[in-house]
Amino acid sequence: MMVATLVASTALGQQPARHQQVLQLVEEHSAHFSATSKTIWDYAELGYHEEKSSSLLRRELEAAGFRVQSTVADEPTAFVATYGQGEPVIGILGEFDALPGLSQAATPDRSPVVANAPGHACGHNLLGSGAALAAVALKEYMERNHVTGTLRYFGTPAEEGGDGKVYMLRAGLFRDVDVVLQWHPASENVVANGGMLAMNSARFLFHGVAAHAAMAPERGRSALDAVMLMGTGIEYLREHVASNSRIHYIITNGGAAPNVVPDTAELYLYARNPSLPVLAEVWNRILKIGQGAALMTETTLDVKDIGGTANVLPNDALAKVAQRNLEEVGGFRYSAEERHFAEQLQKSLPAGGAGDLDSTALIQPLRRPDPNAAAASTDVGDVSWNIPTIGFETATFVPGVVAHTWQAAASAGMSIGQKGMIVAAKALAITGADLFADRQLVLDAKADFQQQLKGRTYVSAIPVGQIPPLNYRDK
Amino acid sequence: MMVATLVASTALGQQPARHQQVLQLVEEHSAHFSATSKTIWDYAELGYHEEKSSSLLRRELEAAGFRVQSTVADEPTAFVATYGQGEPVIGILGEFDALPGLSQAATPDRSPVVANAPGHACGHNLLGSGAALAAVALKEYMERNHVTGTLRYFGTPAEEGGDGKVYMLRAGLFRDVDVVLQWHPASENVVANGGMLAMNSARFLFHGVAAHAAMAPERGRSALDAVMLMGTGIEYLREHVASNSRIHYIITNGGAAPNVVPDTAELYLYARNPSLPVLAEVWNRILKIGQGAALMTETTLDVKDIGGTANVLPNDALAKVAQRNLEEVGGFRYSAEERHFAEQLQKSLPAGGAGDLDSTALIQPLRRPDPNAAAASTDVGDVSWNIPTIGFETATFVPGVVAHTWQAAASAGMSIGQKGMIVAAKALAITGADLFADRQLVLDAKADFQQQLKGRTYVSAIPVGQIPPLNYRDK
Amino acid sequence: MMVATLVASTALGQQPARHQQVLQLVEEHSAHFSATSKTIWDYAELGYHEEKSSSLLRRELEAAGFRVQSTVADEPTAFVATYGQGEPVIGILGEFDALPGLSQAATPDRSPVVANAPGHACGHNLLGSGAALAAVALKEYMERNHVTGTLRYFGTPAEEGGDGKVYMLRAGLFRDVDVVLQWHPASENVVANGGMLAMNSARFLFHGVAAHAAMAPERGRSALDAVMLMGTGIEYLREHVASNSRIHYIITNGGAAPNVVPDTAELYLYARNPSLPVLAEVWNRILKIGQGAALMTETTLDVKDIGGTANVLPNDALAKVAQRNLEEVGGFRYSAEERHFAEQLQKSLPAGGAGDLDSTALIQPLRRPDPNAAAASTDVGDVSWNIPTIGFETATFVPGVVAHTWQAAASAGMSIGQKGMIVAAKALAITGADLFADRQLVLDAKADFQQQLKGRTYVSAIPVGQIPPLNYRDK
Amino acid sequence: MMVATLVASTALGQQPARHQQVLQLVEEHSAHFSATSKTIWDYAELGYHEEKSSSLLRRELEAAGFRVQSTVADEPTAFVATYGQGEPVIGILGEFDALPGLSQAATPDRSPVVANAPGHACGHNLLGSGAALAAVALKEYMERNHVTGTLRYFGTPAEEGGDGKVYMLRAGLFRDVDVVLQWHPASENVVANGGMLAMNSARFLFHGVAAHAAMAPERGRSALDAVMLMGTGIEYLREHVASNSRIHYIITNGGAAPNVVPDTAELYLYARNPSLPVLAEVWNRILKIGQGAALMTETTLDVKDIGGTANVLPNDALAKVAQRNLEEVGGFRYSAEERHFAEQLQKSLPAGGAGDLDSTALIQPLRRPDPNAAAASTDVGDVSWNIPTIGFETATFVPGVVAHTWQAAASAGMSIGQKGMIVAAKALAITGADLFADRQLVLDAKADFQQQLKGRTYVSAIPVGQIPPLNYRDK
C-alpha cells in the first residue's frame, strides 16, 4: 500500500548543494510575499478585472529585476515577467482571480467581509504570490551563480472560467518555453501529475417571438420553451455519455415577465470529461440538443462565449523530480493557535469531512490520474498539451476543506495558507534550479511529453479568432 | 333565444305529397333494417375488418335492386351500391365499423358481451343500416314514380381512424356525385351542418442503437429517449397553438426490456383543429418536434401510417332543407320500458350528465359550427370538401350519453337506438326525394359549396400513393 | 347581425337635460386633463412606485374641491378623493401605473424615450386622468345642482400585476360604495360589461443544497431541477384543463453559476380562466405540481408573493344605461394629422392587424362576455365581485393596436389617446349623473349584482394578512 | 504490472493428489454434460418457465445419486440436489434460463433459430450443466474416498431478472450451507471475487381517469402524463446520484388509443449501484419521483413486481484458493476449426471490440472489484451476503464477445463454450474437494465473510411476503 511520507532527514544529506541556497533565498522572501498574498486576498478581484492584484505582482517582479510585458494577449491583466536569457526557458504560472459571492474574513466561522462580494475561495492570492516568491528566489540564485537560461513568470488572469491562459497560448507567449512549473492550493501536499477534467462551456441564447401570454400565446415562439427543452434534452443525454462526464447548467435569462412569451432566454452550460476527444464528442451532441430545442420551438439558437480548457497531461519524467523535491522540502506543522483555528473551522465541515490535522506534515505518494476521480478543470490543461508541465499542491487549506468554499477563503487569508504557499514556492524553486542545472531533465521532460501526446492533437474548443470574454462574469 | 321545436302538426299540411309516400316506404322497411342493425351490432367488427357487416349490407342492397361494386379503393370492405341513372347523383353514406374494447350488452349496466372485445359504441351499426333503410325506401319511391337520377349508397369502412372515405374519394368514387347526405347517431335530433375537427394522425417511429443499459449505456442511442422528448416537446407546443387545437398521443412501443437501451420506440399521435389550414401549420410544427427529438438523441425518425381527415364544411342551402325536413319528421317518445331502461342507464352517467328524456321528441334549432365547441373528427369532412354535404344527428343514445362509451353501445343495440335510426332514415329519404324533385336545390347547394370553399383548397394530409392502412388497429 | 352604431343625432333630442350640462363641464376641463395625462405619460412610473403620478392626481382633485385620503391600504400611492355626502355612493376608478421596458416616444415608429425604461403601453396615464376629468366635471354638476350623494375617486395603484385594488377592498375602502364606474383605453368604443380572466400569480421559490457541480454533483439537490420539472409538469397540465385557461411563467432565478448545483431557483407563474371557481381548481393543481417537483428533487418549496384577481362580473342593468349613454356621447374622428400618424403607425402592425380608422367614430353594440375570447386580467374584477360595476372602453389606441405594445404607448401619449379619453370621461360623467338622479337605477344595479352572484362567493387567492407586494416589480 | 498467467507446469507438481482424481472424474463426464448443455441451449426457456431444462438437470443429478427436492420456494423450476451428510455443507449454484429475443444458431453470423424467440445469450445452458458436471464428479470423488460432508447443487431459476435465488434464500434452503461455489460464462478465465451491481427493479403502474381526448381532455387525468413525468424526473436525478449508479426503464403500457386519455400507464425500471446501501438511498429517491409524478397529474401510483438483488461480496480467503486452483486447471486453446469460427464471429464485433484469441489459454490475475467498472447484476449477490461465496468466470465466449448478444448465444451453443465450461467445472470441483479436505479453509472463509459484512446488514428490496413473479417475462 502506498502511504504518505514524512521528510526523511537522512535524505537531506543527498540533496544538491544548490537546493540549500535556493531554499534559503525562499525563506528570506517568505514574509514579504506572505504579505503580498494577504493584500491580494483583500483585493479579491474577479476574473479579467484583477487590475490591482496584477499590478501589485508586476511591480514586485519588476522591483526584483524582471523585465515585464503588460496587457498581453488582449487581456488587460495578463503579463509576462522575464529574467535571464538563452535556453532552457522555464515558465512558472501565476494566478490571482477571486470567486464571486465567497467573500469571507480570515475567521473559522462564516463571516463575509462584504455580503455577496468576491472572495479568494480557490486560494489564487497564494498561487500568484507563491509563484512570484519562487521566481524571485530562483532569479537571485541564477544571478549569484551565473546560471544560463531564461526564467519567465506568467501572470495569467481569469483562471476561474475565463480561460485566460488559452488566449496567452494563442498569442504565442509560451512558444519558446521548455518546461512549465505550477502549483495550486489544496488540503494536502502532493505532486499534481496530470488529471483534471477537460471542459467546454458556452451560453446558449435562444431567440423567439414575443406575444401577450394571455391574449395571444399562439402568436409567440417561446425562447424559454427552447431553454426548458434543451435542459431536458441534456438530462436525457446523461445516461448515454461516459459516466465520468459532467454536464451542468444554469438559466441566465428565463424571460422578462410572466405575461409575455419570452423572446429571448439563455442557458449557460459546462461539459467536462477527463479525455479531450471524448469531451469533443459529448460537446457535439450538446450542440445537437440545442439545435433540436430550437427546431422544436421555432426559435433560433446563438451559441455564445464559447470557453474550453483541456485536461492536464501528466509528465512522468518531471513528476519523478518533483516528487523527490517535494519530499525534500517536506510539509509543515500548525502552531497551537493555527491548530485551534483549524479545529474550530473543521466544525463547520459536513459529517466525516474533517481531515487529519497532522497530515499537513506529510507528502503524499506520487499517483497517476484516476479517470473516475472527482475533479475540476483548469486552463493549466491547455498549457500542458503544449509544453511539458508539472505541478504541486500543498496543504494551504485546513485538511478536509475543499476549494470554492468559504472555509477555503478563510484558510487562504491567514498563516495556514501562507505556510502551505511557502512549501510550494520552495518545491517550485528547487525544481526550477534542477532544470537549469541538468539539461537531461529538460530532454526527458520533452520525450515524455511527446510520448503522452502520441498522435493526439490539441484542439481548443474556443473558436479561432474569439477574443477573451472580459465580461464573462456579468450575468 | 333559440329553443328546440316540437313537430308542428300544422306544418304537416304543407309537406309535399312525395314526402308522405317516402315516409310510408321507410316505415314499411323499418323493422327489417332495425334487425339488420342488431345483427351488425352483434358482429361488432373493427375498421377494415368489417367483412360480415359489409357483406350483409351489400346483400340487402342487392336484394333491393341496387347494382353493387365491391372491394373498391383497395379496401376489401368498401362498396358502392347504385340505383338509377342520369343526373342528379345523390349519395348516401353508410358506416359499419365498431370500436375496440367497448363490447357491451344491450343492458343499462356495464356488461361486456366479451371482455375487451369490440363494441358499437359509436352506433355505426345504426348508421349503416339506417342509411340503407333510407336508400331502399328512396329507390322504391324513385322506381314507382319514374324519378330520373342516380342514387348511390357508399359503404365506407373504417371511419374510426382508418380514413376509409379518403381513399374512396381518391379512387374517384365520388367524382360524379352532386350532393351527399349522411347522418350520425347522437343524443339529440339536430341538423349537422358543418363543424367537427380536421385531424391528422401518424406513428412516429424512432430508431436508435441498442446497448446493455448497465454495462455500456453510453454506447446506446435510445429511441425511447426520443419518444420521451418528442412527447415533452408536444406539451411545450400546446401553449403556442390556437387553444381550440387538440393534440394527443400514446406510446405504442416503449422499449423491449429495461436492461437494454431501446433501439426502437414509437409514439402514435393525433392532432386536430376546426380549421384545415391551421391544422396543417400545427402538423408541420409537430413534425419539427419529432425531428428535433431525433436530432437531440442521435436517432432517426420514420413517420408512418399518416392519416388525415378534414373538418366538415357547412352548406347553408342544404341545411335549410334539412332543418325543415327534420322538423317535419319530428322526434320520438320512449315506451314505458324504454324509459325505464334510459333511467337506469342514466344512473351510470357522471353527476350532472343526464339529459332530459323528453328531449328525444324535440328537434334542435339549426346552428352554425362553434369553433370552440367540444368536437370529434370524421372522414365525412373530406367528402364535404369535395361535394356539397349535409347531415342529421338523431337521438339514438339516451340523452346525456356520449359516443365511444359503453352506454352508447348499449343504446345502439336496442329499440331506443333503432327509433332514432328510423327518424334519421326518414329525414334522409325525404331530403333525397326533394333533391331529385327540385334541381334548384342542387344548384343552390353547389353555389353554397363554392362560397364555402372561397379560394381554399382541399389538401389531405395523407401522402399521395399511400394505401389504406388495413391493419391500423394492430398495436 | 350586430353592427356598430354611429351617434344617432335623432337620439340627442331625447337625452336628459342634465347630460348637456355635464358634457359641457367635461369639455371645459378637457384640455387641462389632457395635459395631466401627458405629464403622467412622461412620468411612466411602475406599480407601487407611482409617487409623482399619484401625487399629481391627488393635487388636481384637492384643487377641485375633493377631500383626499392618502396612503390608504398600506399602499403609499393609493388614495381616495371624496366629494359630497349621503347616498348613493358612486365610485370612479383611476389607475396610473406604467409597464416595464416599453418606453416609447409619441411617434409612429419604435423610438424608446429611454431604452428599457417603463412606458404607458396600457394607457393608464389616460385612465387616471380621464377618470379625474369625469369626477371633476360631475362634482361641479352636483355642486351647481345641489345633488345629494357621495362621489368618490379611487386612486388605485399597481393594476399591472400588483393587485392594488384587492388590498383597497380588504381595507374596507369600498364598503359603502353603491356602484362603481370605470373605463379602460382600447382601440374601439364599447361598453365593457364583464369578461376578462380571473388570474392567480405566485413565485415558486425552491430551496435545495449547493454542491460543486463537477466535484460532487451527487451531494447537491438542485433547486433548478425543481424549477425545470415544475415547468415541465405545467406543460403536461395544459391538455387537462379547460382550453380557455391560460398558464404562463418565467424563470426569475435559474442558478448562480454553472459549476455550482443551484441551491435556490424560482419560477414566477400566472394562471387565468374566465371563471373564478375553475381557476381555483387549476391553481390547486399547479400547487400540486410545485409540490411534486419538490418531492422529485428533495428540495423544498416556498410559494411567495401570491397575487390574484377575479374576472369582471357583468351587470346588465348598468350595461343598458351605459350603452345608451356611450351611444349618446358618440365616438370621434381623426384630424388629417392624426390620420397620417395612425396610417404610419399601422404599418408596423402584423399583416392583417390594422383596423379601420373610421371605426373610432362608431360605438360597438353591447355584447356579453365570450368565455373563449382572447382576454387579459384586471383587479377591477375583484371590485366587480363586491360592488355593482360597469365600464367603458374607448378608442384611445389606433385601431388594430393592442395593449402592452409600444404602439399603444405611442397612441397614449398624443391627441388620439386624449380624444378617446374625453369620450370615456363624458360617458362616465353622464352615467354618474344618471345614477345620482335616478335611485331606481342603483336598485336595479344591485338586484342584477345579486343575480350574477347567485350563490357564488368571492374568495381572493391572496392569503389573508398578506401585505401589498410593493417591490413586486423587482426581479 | 499485473499480467495474465499461463499454467505454470512447474506448479503442477505441487497440486494435492485429490486434485488429479477429481480432474480425471470431470474429464470422464465432460462429453455427457457438454451434450446436456447443448440440449438446454436448444430448449432456451425463459425465467420461471425452464420446465424442460430444470427437469433434465434434476434427472441427471438423480441418476448420479443425488437426492432431489423439487419445486422449492414456490418456484416450479427450482430444486435442490443433495449428496452426503454432515459438515461442511458446500453448495454449487446452477442456472438455466434463457433471454427473450436472442434466438441464434451456433453459427458465426446472425441467424436466429426462430425469429424473436429466446436464446442462451448469457450461457446459462453451460452454467447449469457445468455446475452439474462439477457436482457429479465431486460426488464420485467423495464417495470413493469416503469424504464426510454434504454437497448441494442448487437449481436456481430465473436469474435474468426473476431473482430466483432470493426466494430460495428466504425459504431457508441455504440455511446450513457453509460455502457456496459458482461460476459464470465469460470471455476470459478469471476468479470472480465480488463485484457486480446491486439492483432494484419495479413496475410503476399509474392509474388516472379516461376521457375522450378531443371532446373533453380536461376531464381526463392521464396516467401516461405521470409516466412521462416520472421518466423525466428520473433523468433529472441522474446528475445527483453517484456516477457509478445505473438507472434504466422502459414503458410497458403507454396508453390504449390516441383519442382516449390513458387511465393506466406503466414504467418498468431498474436501478443499480455497486453498493447496497447507496442503492437503497437511490431507490428511495426513485420512489419519491414516482410519487411526485402522481401528485403532479392527480393520478395514483402502484409500485408492483418489486425485484432486488445485492452486489456480490468478495471473499479473499476463498479467492486465494480459487485463484490457485484456476491457475492449476489452466485455460484452453481453440482447434483450427474453432479458431476459424471465432475469427468469423469477431468480424461482427464493433471496431476495436475483438479480443486476443490466444487469451483463452491464460488465467487473469486475481483482482478486487472496481466500483467504477462496467458491470451487470446477479442474484448470486444475495447468496454472497448470506454465505461465503466464490466464483469463476471462464472463456466460453469468443474474446471480445459480451453477454446478452447473439454472439454469446452462438458461442454457448458449440464447442468453444463447452471447453470453457469444462475449465469451470474442474476449478469448481477441485475447490470443492479442497473445502471438504481442509476445515480451516471453511473457517477462514467464514472469518473473511464476517469481516466483509462488518456491521452491514443484508436487506433485500423485495417486500417480505412477495411471492416469486412467475410471469415477470410477460409484458
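Details
The first chain written gets the first letter, and so on, giving A, B, C and D; residue counts start at 1 in each chain.
Heads up, the rule we're going with is that a residue touches a chain if its C-beta (ideal position, glycine included) is under 8 Å from a C-beta of that chain, and two chains touch if they have at least 3 such contacts.
Only a predicted model underlies this, so the values are computations on that prediction, with no experimental measurement involved.
Under the touch definition stated at the top, chain C and chain D share these contacting partners: A, B.
Mostly identical positions are employed by chain A and chain B in their mutual contact, as over half of the interface residue numbers are shared between these two copies.
Using the mean of the Cα atoms as each chain's centre, the chain most removed from chain B is A.
In this assembly, the C-alpha centroid of chain B lies 54 Å from the C-alpha centroid of chain D. With centres defined as mean CA coordinates, chain B is found 69 Å away from chain A. Once the centre of each chain is set as its mean CA position, chain A and chain D turn out to be 46 Å apart.
The multi-chain contact residues of chain D, meaning those touching 2 or more other chains, are 213, 217, 228, 232, 235-236, 239, 243, 248, 261.
Taken in their complex, chain A has these residues touching chain C: 100-101, 161, 197, 199, 201, 212-217, 219, 224, 227-228, 231-232, 235, 246, 248-262, 267-270, 272, 374-377, 402, 404. By the touch rule above, chain C contacts chain D in their complex via residues 213, 217-218, 220-222, 225, 228-229, 232-233, 236-237, 239-243, 261, 285, 288-289, 291-298. If you check the complex, the residues on chain D that touch chain A are 232, 235-236, 238-239, 243-244, 247-248, 372.
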